[in-house]
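Labels run A, B and C following the written order; every chain starts at residue 1.
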Amino acid sequence: MAKTNRGRFFEDYRLGEVIRHAVPRTVSGGERALYHALYPARHALYSSDEFARSVGLVADKKGAPLDDLAAFHIVFGKTVPDISLNAVANLGYAEGRWHLPIYAGDTLRAESEVIGLKQNSNGKTGVVWVRTRGLNQRDDCVLEYVRWVMVRKGNPEAEAPETHVPELQPVLTADDLALPAGLDFSTYDFELAGEPHRWGDYAIGEQIDHVDGVTVEEAEHMLATRLWQNTAKVHFDSTARPDGTRLIYGGHVISMARALSFNGLANAQMIVGLNGGAHANPCLSGTTIRAWSEVLDKAETAAPGVGAIRLRLVATSGGAPFQLKGEDGKYLPEVLLDLDYWALMPL
Amino acid sequence: MAKTNRGRFFEDYRLGEVIRHAVPRTVSGGERALYHALYPARHALYSSDEFARSVGLVADKKGAPLDDLAAFHIVFGKTVPDISLNAVANLGYAEGRWHLPIYAGDTLRAESEVIGLKQNSNGKTGVVWVRTRGLNQRDDCVLEYVRWVMVRKGNPEAEAPETHVPELQPVLTADDLALPAGLDFSTYDFELAGEPHRWGDYAIGEQIDHVDGVTVEEAEHMLATRLWQNTAKVHFDSTARPDGTRLIYGGHVISMARALSFNGLANAQMIVGLNGGAHANPCLSGTTIRAWSEVLDKAETAAPGVGAIRLRLVATSGGAPFQLKGEDGKYLPEVLLDLDYWALMPL
Amino acid sequence: MAKTNRGRFFEDYRLGEVIRHAVPRTVSGGERALYHALYPARHALYSSDEFARSVGLVADKKGAPLDDLAAFHIVFGKTVPDISLNAVANLGYAEGRWHLPIYAGDTLRAESEVIGLKQNSNGKTGVVWVRTRGLNQRDDCVLEYVRWVMVRKGNPEAEAPETHVPELQPVLTADDLALPAGLDFSTYDFELAGEPHRWGDYAIGEQIDHVDGVTVEEAEHMLATRLWQNTAKVHFDSTARPDGTRLIYGGHVISMARALSFNGLANAQMIVGLNGGAHANPCLSGTTIRAWSEVLDKAETAAPGVGAIRLRLVATSGGAPFQLKGEDGKYLPEVLLDLDYWALMPL
């Protein structure tokens, strides 16, 4: 088995090293169509070349960009063989920023810099922080985010590295967000976009129940997770877990919840920042995913007609909306995802 | 829940109003490939750019058009949030006409004009007739059809509108059909198309058992229905119906039956007219869909080598072919679909 | 039922006849994306336009080629209605050669020449050998292979044809393989490709356990098999076999095993030769497919930096790796596939 990748263990990471992930990926209209088949995605900017053009995004003969989360999943997928093959838990995200929309014809690859290491007191596991960058064929950074995971040690006797916990922004400010070049919502067509609610119509603290639900199937989450070239065994191999279930890739839940949030947030068109996120409970096939959102903050931007809105997006497997944690401060068992992101919306 | 779309109720429609549906959609080779993955579609004109070119359809650098039913599903899907979210039943179709093939790169949107209203005697529901038009990025009408649905009233006390039942053609004549510009079947390659049977070989009254069957799965019909951006809950949410089943989108059955009809009608290449259709019984996952056809009429056309054939296409969940209704005049329980359409075929 | 295709029976084949198969097929980024959604395919040359360019494959504005097995499945699928609709068993493959990579925009069709016939002693079946060629829109042969199948006689009284068993090469030599024009692995990026192991690192006789497994679902294999326009009933119709199971297309197992072999053979980039293959046992939904490989031979080639490696690829439904046959010389029940192919690899 010398030639197969057993993944990295905690002691294999060095602070400051940059891991160049394998298998670059070119996207086309195929990935775009599949995204729409896998999720009930309806944000007009990603559905229509004409709509994207009308808000200043399409230059030359390019069509609309691919969904921001498709970019995220592709970059994330590249990191799995090097970062999370031996991960015990995906602990968090921070400082996620989308720098450039991605278009059919773009080729993405990824690099991760190890920015933090901390062995756990049990001596068997440790936490690894990486800053991952997605790069296109021109080596422009299209996306970056920090992620930290708990990783097993391969050799329990391996010496603990010096602890370094990176300082991370708990929340990006609106000034930290990259605004896509040319974006202009001043002549935005609300009717074609699907809802009349503009940035000014949302109040901080407002909660929105997205009402709809989607029951997920094994074939679907595996199609998605393979499309993103995510190789984690637990998503595909029903013999990998003692109970015979396949764990659904957390990103599948993110995309499903984001797509469901169209109903009430149809104009929160582009995701540009990721402040944090927790995969609160595992999601299995047969679950009916529902979603609700809460407006956490709002800010103006320098782009014409464009406001920024900070949203909590919660995916659940049922229960009443707007319930997140129990009296013990822990996520309720029906909460699947608690995501904190910035989106761009017409004023 | 003020920001989510609860759909329109019967009293929300006004005779003559035009509803501009949301979320335009650009299609690519991705939608075309998915259509072939979702249905056993083999009509050569949609499978091969070269075949489409050989019958005069491909100008410039365009490839073959997308399946006519893909165009129908996309346009139909756009109308769901405005027309059928609170529909109790999909009652019928009429005067469906395909005006232009759609190609990779085209962006479709849809508009519906309310052409009829009739409150039911129970006072709780009413029938709404709409004429829906699919428009491309140049605002050309690519497709139109009339559809009527029974819709719940939101407020049972709402006053009944004046009844207006539109006059509809029970059947389109061959003269009503749009012939795609340039279409020429005079050098049609029957061998590449897959069957030797030409227009002249079919007799009015002839019945064809398409022999093959496809057992349908939850993941497949959801992928398809999402791809068409159809948002009706019952197709996706296993908690929406008391028995925990998901209702398969009627259009999925139409496409499956049409694809199965290749075996015996491989040369009925293009659908150009829809005279009527009934979703006779619901279709659920696990059903093995079969199909049979009956030749209802034939007509010559002005295009070189092109004949029109009017077909009944029946999808079933089993039983003997050619059985449609019981002695009570009602559809047999195994009949899923009874569709009446015009197709173009080489003479 | 006169108009439907009942398939050919043994007595319908004539030695030397060339069958021109129906339904040409144009591929796009859609087929490429679907291939990546259906299989955990990660070979960089097919995943990235940039990687393909870096090894000399992409001329003009073309992107990376489609997976070699996608080409194989499309060509194979075309042959099913004429060759294997009444086949009792798929007996073998030989002399398979990939002559040209296929790219988005290419249109494939297929022809098969009957090169052997032998009625079985029971008088009810016979073996048909065909040499199938896949042709692109310029009538270049992109792929050819010999396949033999056991086919039922339609009329048991039909006279036996003269027996002709073709002479086939048991194994292609490296000189028989076509090297893609321009292919140059001399500046190959092993890091981006995903593994450091080069041609020189593999020893004849070496065995590799590919470690990962994928549990397969009905929806997935049907999506794949439809995409290749393979019409064999047993893959789709759960009423076609007495036990209600659907038989998974053998090519689905080939592609799954080949994709799994990335882990340990990431640099065996292109398949260029098929020496033989056996679908040792049927594969059903719910099976967790695993794979192992054995290096059978190695050879140098005339292309810069390019070596050829002959591999046995075995797919299993479990059990220990590297076990193939029992003491009786028969395949073990957990062996699904035993494939013998040539691939190209950086020196």
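Basically, contacts are C-beta pairs under 8 Å (C-beta built on N, C-alpha and C of every residue); 3 or more make two chains touch, one makes a residue touch a chain.
This is a predicted model, so every value here is computed, not measured.
> Rounding to the nearest 5 degrees, give the angle of the rotation that lays the CA atoms of chain B over those of chain C.
The superposition gives an angle of 120 degrees.
> Taking all residue numbers at the chain A to chain B contact, is the shared part over half or under half, that is, same or different?
Shared-number fraction below one half, so different.
> When the C-alpha atoms of chain A and chain B are each averaged to a single point, how far apart are the two points in Å?
36
> Touching at least two other chains at once: which residues of chain A meet that condition?
28-31, 33-34, 104, 217-220, 223
> Tell me, which parts of chain B touch chain A in their complex?
1, 3-5, 20, 22-31, 33-34, 81, 104-105, 107, 109, 137, 217-220, 222-224, 226-227, 229, 231, 233, 236-240, 246
> Within their complex, state which residues of chain C touch chain A.
28-34, 36-42, 44, 47-51, 63-64, 104, 191-195, 197, 201, 208-215, 217-220, 223, 263-266, 286, 288, 318
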